[in-house]
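Input: structures, listed below.
Consider the two complexes below, in which chain A is the common component and chain B and chain C are the respective partners.
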Partner chain A sequence: MRLSSTARAVLATVTTLVLAVIYLPLGVVLVNSFSTSTTLTWPPPGFTLEWWGRAFRNVGALEAIGTSVQIALGATAISLVLGTLVAIALQRYRFFGRDVVSLLVILPIALPGIVTGIALNNFFRTIIDVRLGIFTIIVAHATFCIVTVFNNVIARLRRTGTSLEEASADLGAGIWTTFRLVTFPQLRSALLAGGLLAFALSFDEIIVTTFTAGSGVTTLPIWIFENLFRPNQAPIVSVIAVMLVAVSVVPIWLAQRLAGADQAQH
Partner chain B sequence: MTPARRISVFLSRFSWARLILLLTAPLFWLGAVYIVALAALLVTALWTVDSFTGEVRIEWTFDNIVDVVTGALYQTVTLRTIGVALLVTVVDILIALPIAFFMAKVAGPRLQRILVVAVLMPLWASYLVKAYAWRSVLSEGGVWASVVEPFGGQTPGYGLPAVVLTLAYLWLPYVILPIYAGLERVPNSLLEASGDLGAKTWRTIVSVVLPMLKPAIIAASIFSFSLSLGDYITVNIVGGASQMLGNLVYTNVGAANNLPLAAAIALIPISIMIVYLAAARRSGALENL
Partner chain C sequence: MTKSFGSVVAVDNLNLDIAEGEFFSMLGPSGSGKTTVLRLIAGFETATSGTIELRGVDVTDRAPFDRDINTVFQDYALFPHMTVAENVAYGLRVRGVPRARRREIALAALESVALAGFGDRKPSQLSGGQRQRVALARATVVQPKALLLDEPLGALDLKLREQMQVELKELQRSLGITFIFVTHDQEEALTLSDRIAVFNAGRIEQLGTPAEIYESPASPFVASFVGTSNIFEESAAHALLGVSGTASIRPEKIVLAAPGTAATAGIVSLPGTIAEVIYLGTATRLLVELADGRRLTVLEQNVTTRADHDRRGDAVLARFATADLVSLGSVG
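What follows is the complex of A and B.
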């Protein structure tokens, strides 16, 4: 198939247009973070740097970011371990119930968040009787983050095959050594990509979080939800959203570079 | 022989032992936590709430489920929710296909990387902030109105169209990425072969690209469909007075304090998703979610 130059131009135009629409609301948020209006009014009546200054001194927001980072790190760590284990099991072995296991991994992300949320809320409170808090949020988030790591790792395992591992075993390496020196290095960039997605998923999650957080814990999305409709806080929320997008460039770019370098090697 | 070495020898001899080592922790997590929690929720749907104390009472009854299946409100809201979720999914796939194709097959490696970053970045702006930004864009005198009013158009305002628009916007990156990954797996040589055999561009897309892409498209649709199916926050922000299934579940857990009824309502999205997943499984889509 050879694409005509018209087809290329049409595709390029569509892509540009859609990206413009994707960034339009973000642009509105950016403009609002400098607006003198305290609600999201358009067009902004005037411009100020006040909200940017206040955002950095806002203890509630900073603490919420800290809590969210802590939870996302915990959930990512757990899902990295569990996701890798399931992916290796499903890719390298044939066993009875394999389909059920793969369904089990997908289910937490395929069922609506509110179902997962009330199911886990009920489980924590009435079945095992633990207090809701950071711990219960991490457990809940890890449950639906496993699938992102699983997907990345299983795709990588499918591509790399088993020949290097067999060679390692033939040369006398035990299974620990083989995993450390052969399997793990092959998985590294897949783990980074999956982990990053898991982190992002957990960091922005609000529905499951609402039901597993209890009253004492405020994650960033919960803080935003509480402050979005308050006149003097809405612009600060805009500042934080802009900063998050800006900061996110670094890990995303890094993951892309690593994936690119990996592909060049193969 | 060190203990680690001895375990290693044992494990390399017996593949079932390796499998047990790999599966115990994940299965415990997903089975003993998630599946038990889900099962407990479903059982709750068969219980009742004491109308005086508001406590959940263990009294077996099918009342909640009968209410949900026969109630006119639940039927209307279910149909509305399925309609919104399907529409969001179709819109997202139609938008994602040309972009993903441009990213995977037209753009050079450098532009490709930039585009992936550009698609991923909005995921980090909070979901709530983006939904709220759409509320601002769609408001009277908002960005939308100021762009289309000179041409005689007007903003759709708050309601179901705004919900579809906002949800499609929110889930678009989740739909683009799997389709892009699927297209990356379609070898260029195949497209060239199709061209060499005389197929026009359109014919190649319909007969070669789309069939190979089907699992990726279905995998992508699982995201947008299920995320829309349970949403209640976007509906609150841009939906005006419209309700979706998520809202009904939410009010019954919170304000109405009726967990059994909420659990019975939750059975609707659960059964829809199970049917959807079963259909997806037959197409092989779950292999590359």
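What follows is the complex of A and C.
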């Protein structure tokens, strides 16, 4: 489709504006992490690497990163196993209540975090009486991280169809052999993409985390939130924020590349 | 056996006995149940009622991997993440044949389908015809008792299809195993088969050798689905041909003669005009419109190169022997 030059100019301007609104603030954070001002004043009065050095020596921040990684890995592992199983069940088998299950699996990602948070907090503490901690955060995160794995896997299963599995069975392979040699290799990149998204989703989650973390468990987002308004900590928060951006770009970029490479292949 | 999907009966009370070593085709339009029968034999579908026996052994309740039958799928279903050799060796791998041994067998199998040297490629790097051969090699390498082929040539272009037909027939002879072949292409079925079952609406309309199916179709459906037929329903057959019951005549059995040609005993002569002439290269197809408006399809072999004048509108006599008429019985 050909566009007139006016239309193109307008579209280019709007696109630039929208992208600027999204990315300029991130740039400001990056600049602030090198600023000599401790209160994030603009324009920055001078350049320093002090905050970067201090951030790497900040025990609280490093521990929070460790906790977040641990939780994200746990939630991702649960999501990979359960998400794959439910996707196979829903895509390959017909059973009573199938559509309902499908809706119920996807729903948590659309639920407001605060609702999920309150509900799980209530459930953990008063109904099954579990102490809040890392374990409860992992379970809470897994409820919505499953969705990314599920979506990726079910889309792949739909696209590959059943003929490869039928061919495998036809050639003498039992159910497990077929899964190991045919189904799983077909799902590998979908699992990686879904897993990376699940990891990123868990890593920066704060609302549900706040409700399901007991006292004493500080994830990175919680640590940032607690330190943002403390005197002299703001520049360190900027440094952590820049590192977070860098860390979360990688999985998203990888996930996108994997999806793209797959599309080219099929 | 019978197979229903919900309230739809896909295969209706079918009874079929396929001989060992036979090239057997199931021919029919899409939705006629032929593919369902194939999937029932392979074990991908379970029969609603009835039994399937393989060499006298009841295999009705056995899973696909537990039946000594292999399938060549319509879309080939080659494993895209494995090399060609790994694909061919798959059946041996799941049977626990050691790696070196199964590669050796796979490479020999590839050589036998003229794909030597292609073992380390991925299926995506092969052409349609090559993939087809890989699928054949993969299905036959485990030495099944029967090979099921689900429209295996459907995706190939005409020239390649004709070549593969010859190769399939040769392969079947050299392996000596039963081939059960599903197709909607009547010409393919006639060319390849020892016997053909013509399917329509979940039932077998006719079962017989290619010549039987073509020369003496048992029903109007078979007569018009396998090749072309000029069908005269009961009243027209009686009025024009003087025979009772529905009758049909093949286009190539009709000869066009000049008007006024003397009548001969045993020959029907129907006056008409040429309405359409379609040149086909080896033959010419003509539509002759009879006095009552009915159109006959006539096929003339182009045995001589004739000066091409426009024959549309010419008055002719369509002549054929009553002995060539096929009675399709009375249809209710």
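The definition used in the following text is that the second predicted complex is superposed on the first by the 226 of 266 C-alpha atoms of A that agree within 3 Å, B and C clash if a C-alpha of one lies under 4 Å from a C-alpha of the other, contacts with A are read in each partner's own complex, and residues count from 1 in each chain.
The rule we apply is simple: a contact is a pair of C-beta atoms (placed from the backbone, for glycine too) under 8 Å apart; a residue touches a chain by one contact, two chains touch by 3 or more.
These figures come from a predicted structure and were not determined experimentally.
Undergrad: A:V245 in the overlay: touching chain B, chain C, both, or neither? Say first, second, both or neither.
TA: Touch partner of A:V245: chain B, not chain C.
Undergrad: With both complexes superposed on chain A, which partner does A:A167 reach: first (chain B), second (chain C), both or neither?
TA: Only chain C; A:A167 stays clear of chain B.
Undergrad: Per the contact definition in the header, classify A:I118: touching chain B only (first), chain C only (second), both, or neither.
TA: The answer is first: A:I118 touches chain B but not chain C.
Undergrad: Touching A:L73 in the superposition: chain B (first), chain C (second), both, neither?
TA: A:L73: touches no partner chain.
Undergrad: Comparing chain B against chain C, which has contacts with more of the residues in chain A?
TA: The partner that reaches more residues of chain A in the superposed model: B.
Undergrad: For A:L62, using the defined touch cut-off, is the partner it touches chain B, chain C, both, or neither? Pick first, second, both or neither.
TA: neither
Undergrad: Counting only touches as set out at the top, which of chain B and chain C does A:P185 meet: first, second, both, neither?
TA: The answer is second: A:P185 touches chain C but not chain B.
Undergrad: May I ask you to decide whether A:I134 touches chain B, chain C, both, or neither, giving the answer as first, second, both or neither?
TA: neither
Undergrad: Please indicate which partner A:L19 is in contact with in the superposed arrangement: first for chain B, second for chain C, both, or neither.
TA: A:L19 sits against chain B, while chain C stays out of touch.
Undergrad: Thinking of the overlay built on chain A, is A:L258 touched by chain B (first), by chain C (second), by both, or by neither?
TA: neither
Undergrad: Determine where on chain A the residues touched by chain B overlap those touched by chain C, and list them.
TA: 169, 174, 177
Undergrad: Tell me, which parts of chain A touch chain B in their complex?
TA: Residue positions touching the partner: 1-4, 7-8, 11-12, 14-15, 18-19, 21-26, 28-29, 32, 40-43, 78, 81-83, 85-86, 88-89, 93, 95, 99, 101-116, 118-123, 126-127, 139, 142-143, 146-147, 151, 155, 169, 174-177, 200, 203-204, 206-207, 211, 220-221, 224-225, 228, 237-238, 240-242, 244-245, 247-249, 252-253, 256-257, 260.
Undergrad: Help me check something: in the complex, which residues belonging to chain A touch chain C?
TA: It is residues 163-164, 166-174, 177, 181-182, 185-186, 265 of chain A that touch chain C.
Undergrad: Which chain B residues qualify as touching chain A in the complex?
TA: Spelled out, the residues of chain B in touch with chain A are 4-5, 8-9, 11-12, 15, 18-19, 22-23, 25-27, 29-31, 33-38, 40-41, 44, 95, 98-99, 101-103, 105-106, 109, 113, 115-130, 132-137, 139, 141-143, 146, 169, 172, 181, 191-192, 194-195, 199, 201, 204-205, 208, 222-223, 226-227, 229-233, 245-246, 249-250, 253, 259, 262-263, 266, 269-270, 273, 276-277, 281, 286, 288-289.
Undergrad: Which of the residues in chain C end up touching chain A in this complex?
TA: So the residues of chain C in touch with chain A come to 42-44, 63-65, 69-71, 73, 75, 77-81, 90-91, 93-95, 124, 138-139, 142.
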